[in-house]
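Chain naming follows the written order as A, B, C and D, and within any one chain the residues start at number 1.
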Amino acid sequence: MDGHAISMLGTGLISDFYTNTLHGQRGRDRVRVVYSRSDARGQAFRERWDIPESTTELAAAIEHPETDVVVVALPNFLHEEAVGLAARAGKAVLCTKPLGRTAEEARRMLDMVESAGVFGGYLEDLCYTPKTLKAVKAVQDGAIGDVTWVRSRETHPGPHSAWFWDGRLTGGGAIIDLGCHCIEIVRNFVGKGNRPVEVLCHTDTLVHPIADEDNAIALIKFESGAIGQFEVSWTFRGGMDLRDEVAGTHGTIWMNHFLRTGFEMFTAGGGGGYVAEKAETSAGWLFPVGDEVSELGYVDMFSDMFRAIDEGRAPQETFYDGYVVNAVMDACYRSAKAGAWAPIEVDWRGGTTERIAATPERFDGQVVIKREILPDGRHKLILKDEASGDFSDRVVAGA
Amino acid sequence: MDGHAISMLGTGLISDFYTNTLHGQRGRDRVRVVYSRSDARGQAFRERWDIPESTTELAAAIEHPETDVVVVALPNFLHEEAVGLAARAGKAVLCTKPLGRTAEEARRMLDMVESAGVFGGYLEDLCYTPKTLKAVKAVQDGAIGDVTWVRSRETHPGPHSAWFWDGRLTGGGAIIDLGCHCIEIVRNFVGKGNRPVEVLCHTDTLVHPIADEDNAIALIKFESGAIGQFEVSWTFRGGMDLRDEVAGTHGTIWMNHFLRTGFEMFTAGGGGGYVAEKAETSAGWLFPVGDEVSELGYVDMFSDMFRAIDEGRAPQETFYDGYVVNAVMDACYRSAKAGAWAPIEVDWRGGTTERIAATPERFDGQVVIKREILPDGRHKLILKDEASGDFSDRVVAGA
Amino acid sequence: MDGHAISMLGTGLISDFYTNTLHGQRGRDRVRVVYSRSDARGQAFRERWDIPESTTELAAAIEHPETDVVVVALPNFLHEEAVGLAARAGKAVLCTKPLGRTAEEARRMLDMVESAGVFGGYLEDLCYTPKTLKAVKAVQDGAIGDVTWVRSRETHPGPHSAWFWDGRLTGGGAIIDLGCHCIEIVRNFVGKGNRPVEVLCHTDTLVHPIADEDNAIALIKFESGAIGQFEVSWTFRGGMDLRDEVAGTHGTIWMNHFLRTGFEMFTAGGGGGYVAEKAETSAGWLFPVGDEVSELGYVDMFSDMFRAIDEGRAPQETFYDGYVVNAVMDACYRSAKAGAWAPIEVDWRGGTTERIAATPERFDGQVVIKREILPDGRHKLILKDEASGDFSDRVVAGA
Amino acid sequence: MDGHAISMLGTGLISDFYTNTLHGQRGRDRVRVVYSRSDARGQAFRERWDIPESTTELAAAIEHPETDVVVVALPNFLHEEAVGLAARAGKAVLCTKPLGRTAEEARRMLDMVESAGVFGGYLEDLCYTPKTLKAVKAVQDGAIGDVTWVRSRETHPGPHSAWFWDGRLTGGGAIIDLGCHCIEIVRNFVGKGNRPVEVLCHTDTLVHPIADEDNAIALIKFESGAIGQFEVSWTFRGGMDLRDEVAGTHGTIWMNHFLRTGFEMFTAGGGGGYVAEKAETSAGWLFPVGDEVSELGYVDMFSDMFRAIDEGRAPQETFYDGYVVNAVMDACYRSAKAGAWAPIEVDWRGGTTERIAATPERFDGQVVIKREILPDGRHKLILKDEASGDFSDRVVAGA
């Protein structure tokens, strides 16, 4: 079966994860050429992953005659140039997160692929973890009723490369690095067509001697009334904490993607070696992850991207999604600065979403606020008289 | 050994928990008289817990000649009257949470016990859970460095008695019911002497047809720079979720007090009966708690209270603490209304606290932002040049 | 309220746990005198726990004129002498586990208390953990149907005192130290009246240079057909693993008493101090327990013992139970030696128990072996034709 | 890139899992033809998975001119015939577990592929779960020292197809169905070259009205002294419990492959649909798995198989391994019947393995049995005098 030939731009950790995924298992797509600013790193990467060519020329990599897909795995400040070259070359372009440093920059990239008519995929892996995909489907199937509140947390002791810490190159701190994941995870659960209206955000620099935030929390209010909450930190101790929680009117979903996935190891030391991304110790109790590229969503992400290209459809995560995420992050920074809610300025294409449904049960002419099982098996109803606003208890036989 | 004789005011769920604790195990303190507005409920309670007397006269219960301690387990709007009577009777008074409906009301109660010179204990059970007590001690011993962020969550499907839902009687919604716990838990972790300065709060009524909030989240900024975050909900599905998480510069603490405590049961149905407070189902996978009155802090709370009385010292949780909690909640409601940070107005007695320590490691004349273990065992340093603000990577041999 | 005055025999770790429990919270029972072979240890213990007297005379401690209860917390080889003296002194005697080194020794102790007509309590704490008490009640209430298989595991890196390792003083290795707990836990779940008939046991000395077993596993077959399985080890790495699992025809119970109870701490080091019994590290991820004396059953155990004395009834765990446990352990050693099932020789007082109920559902004249929900929502029945012994599938609409 | 064309034999649940894996993600291998005894099932399967052809002729499927690999996903009693035809056709043959109903049957199949010189892969998926692969590597790298005891448990409420329950067609009960997984998992952890010497097994039929065992437990003694323990059940309630635990002289590994993997959902009902293999309920607390075909090892299994074919090497799991597993199972049945240890009769090709290393620490001329951290930070040594066999305590300053 025919696969795709890829120009991989960048040789950092994320390029390793991407190529590990593409060349792993029985995949039919291959990296054909890799670009690095450093010839040595390019060579090393080439050998590490059995890639035919490496180059230090960005344009040469992108315009390589035998590739049809360009994967942008470069630092944030280099995305726009790379996307522009790829669009001009008429190739499908897949860009790592965040799309831009600002919504304005992301918007330009979106325009580039749209005006060139090329495929633009937003490489937001954490929206593709197997748990997330299954949970989103369960939510869409109605398993937890209407979504009321989505919490997404991504925290670790700080990124692994110097440029991540320099807001001039990235566009910000922990929000730009991690919040972008959370925002898009939240959007998948509340519905892509659910407009993010405004945000309330707090940023703080609690530990690291840097100019940008090393901790942040934000609330995103959606058109349906649902709240998206994200928490990001570069000061968490103990590894990488990736948890998502979805509350609905009829159910709850909890996902732990990293530190507690049913894999626990105690070692008195001596075995050495790699435990997991952002692990802090190599002795004592450790919590590895089975297959990181699968658990973190890389496998399903590339499958969706390449299938979308093959089928001529949009992928789950598009450049437009990346642009929306940037717009939300821009609003977060404005909100944090103002210490108040800030509107999200976005060119909305998503339609409208209805308010969270709330059709309470009725009993004996009153509204049932709650039904609780008592220790003796009977049911206790809390009733509200709508005329007086008074509340009363009513104990009835069990269902 | 001599114990205390108690006037128990109220016969609701909380009175059951309190009396279950006092009369449980080998305790030497006993409820001597119970007050209920309803004679029938008073009688039933008396028989349930083997108590000599019940009465429908509040003053008679409080002034009972053979009791020396009054426990106020009444709805919020009745606290002030009961505390006043107990203070006038010259008896030690222990009052359930929240102390008042507002800081002003709490302040009056504080003044009552202080001017009468009687013992005032604030029955904040969740600050006394065995996990919390041990964790607070670990934090005080320096196990996680300086505290940077404390998260406290209390969510369930809504309270069990009608009056809880009526803000006129309680002072508010989920914040008044649940947030009071979280705020005081946070204070124990950041330090009681760490002044809460301002809050950023969002409240929402997402599901229940009520006038007050059924969901809320708040950030409390403390003098040290630490952030306290609480999340409360009356719309959570799946039981009662009680989790606290403490982040420090050198460590992390996670506590789960209810739904995931190492006790899991699957039943195809048929056994019936009580599972746990706020449990939603009696079949399928259930998550009971071992000894609720111990796990939820009631046992250690009363031990501290009675020992404090015996030793002539203040308990861990005082009326002053209850007043501070009310002051923070007042600020939460103001912040939520304004959609912006609100200052906490409190008569502060707690002294001052220093800023979170941040003395970064240095390497080769630069600041070490981070040290990470690479898959090959080497260490990667992220360095910051303070003059230029530039960041760089440096890979060195492993420690 | 009047409590009991106790003669505490022994000053080791278990005496500390016992006295911590008795003198903890608001207990009304007190240790009046402590016995130690060493004057210095006795003095230190006395001061540590605020006890009026210590002595190096065993008889003097037991016959102390102001005590009415004797707690035997001595090494195994000293139990019989102490129990004999207590019985002669006409005092209630509570003896730590295991009761004897052999069933013969245990039987003599049982005879001593019975012929003297004194109260004999078997201090089997792990049958009294709050989780176990609640789980046993759930089983008795029918929550999981008929019990089919009970697994009890107790493993850690080995005991903390030298004498534990000397089979001449204890009666064996890990089975005598830990298996005694497991056997009695199993009995509580299958029912005390369910006769243990025979055992299949394997012992091994895999790591420690000792003469007795540092690992063992055994199956106990009960009259009802239920199987009790215990696993004990002195070579487990990572702390103390205490887990019990109960399988029934209609449900399942899983209990984790120690390493995973909803309390998790990561520390980069520096806090120092005690984490939990048998903890192996003081940095990295740690798993403390909230209140060890409560979680491990000591609190409920002593409550039951003293209430039983006060009420003139037998406690949950009696000397007879201790004797049965010793009889099972004797059979384990015989089985391990023979490499085959060994009968349990015990003077049975427990009556008879019926075979596990098995009344399978029927459908269309055949036996329903299983009913499974298919991905599409239909139900798939596995049917057995009793005449031919043939099995067939039948897919039917969902329930 | 060129992939393989497959003849898939069988259309049951396992064929669905296999084909889902092969046709999932970006795989380059495809099922070319599917065989079913039933034309209707073959057609349905063909459409479900987009397969060019189906047939009811076993030989036709196997000898299909365009396929090079045969996957045997048939009931146990049909394996031998299918393997024989594939070997004669000169094609690579991959056979599901267990290889045979007995070691004798497995041995004949092994001989068939070896004498025909074709590739024989044993489709033992659970040895390929990402957690298992990473854990085996950690063990091989020395992370937990020498392996002492491996526990593997697979339990669920019973298989989904009628033929599984008929021992005449399968070769036995839960051991044949589930124990085969556990045995091979154990072998991977103790080392494939570590000869299994003898087994002690107990089988029981506790609940289902069948002739074969619905519960079993076995101990496998290996040449190194390590013990492999497996527990299988067709009567577990609550879903499918897949747990493996590895104990070593310096560490511990715990893996949970199914019910507790960091994915938890509560639903009040209404969402419907498939939760996970062997799930028992569709409301209440549910525990789905992210990507079943990845988590259960199918993805890595087929990758290894096809790479091994491409590279001309043996796969991780070979027909020889399948034969060894059958030999161990045969011994289990003999042991269970005898109620005693039974030797494992196997034509051993694996070489020899040394005894578990035990070189205890020494202190002051004595053997250190144990080193424990006391609450006060000091270290307590348990020492053994090898001459007298006496043990003593020694408290020393902390490390």
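Keep this in mind: a contact is a pair of C-beta atoms (placed from the backbone, for glycine too) under 8 Å apart; a residue touches a chain by one contact, two chains touch by 3 or more.
Just so it is clear, the model here is predicted, and its values are computed rather than measured.
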{"item": "Angle (degrees, nearest 5) of the CA superposition of chain A onto chain B", "value": "180"}
{"item": "Pair joined by the larger number of C-beta contacts - B-D, C-D", "value": "C-D"}
{"item": "Geometric centre distance via CA averages, chain D-chain C, whole Å", "value": "33"}
{"item": "Length of the line joining the C-alpha centres of chain B and chain D, rounded to whole Å", "value": "48"}
{"item": "Multi-chain contact residues (two or more partners), chain B", "value": "144, 237-238, 250-252, 266-268, 272-273, 280"}
{"item": "Chain B-facing residues of chain A, complex", "value": "144, 148-149, 157-163, 165-166, 200, 202, 204, 206-211, 215, 217, 219, 225-227, 229, 233, 235-238, 247-252, 272-274, 278-280, 282, 338-341, 356, 358, 360, 367, 369-370, 372-377, 380, 382-384, 386, 389-393"}
{"item": "Interfacial residue positions of chain C with respect to chain B in the complex", "value": "1, 3, 24-30, 129-131, 134-135, 138, 141-145, 250-257, 260-273, 288, 290-291, 294-295, 299-300, 302-303, 306"}
{"item": "Complex interface listing, chain D residues touching chain B", "value": "237-239, 266-268, 280-281, 283-287"}
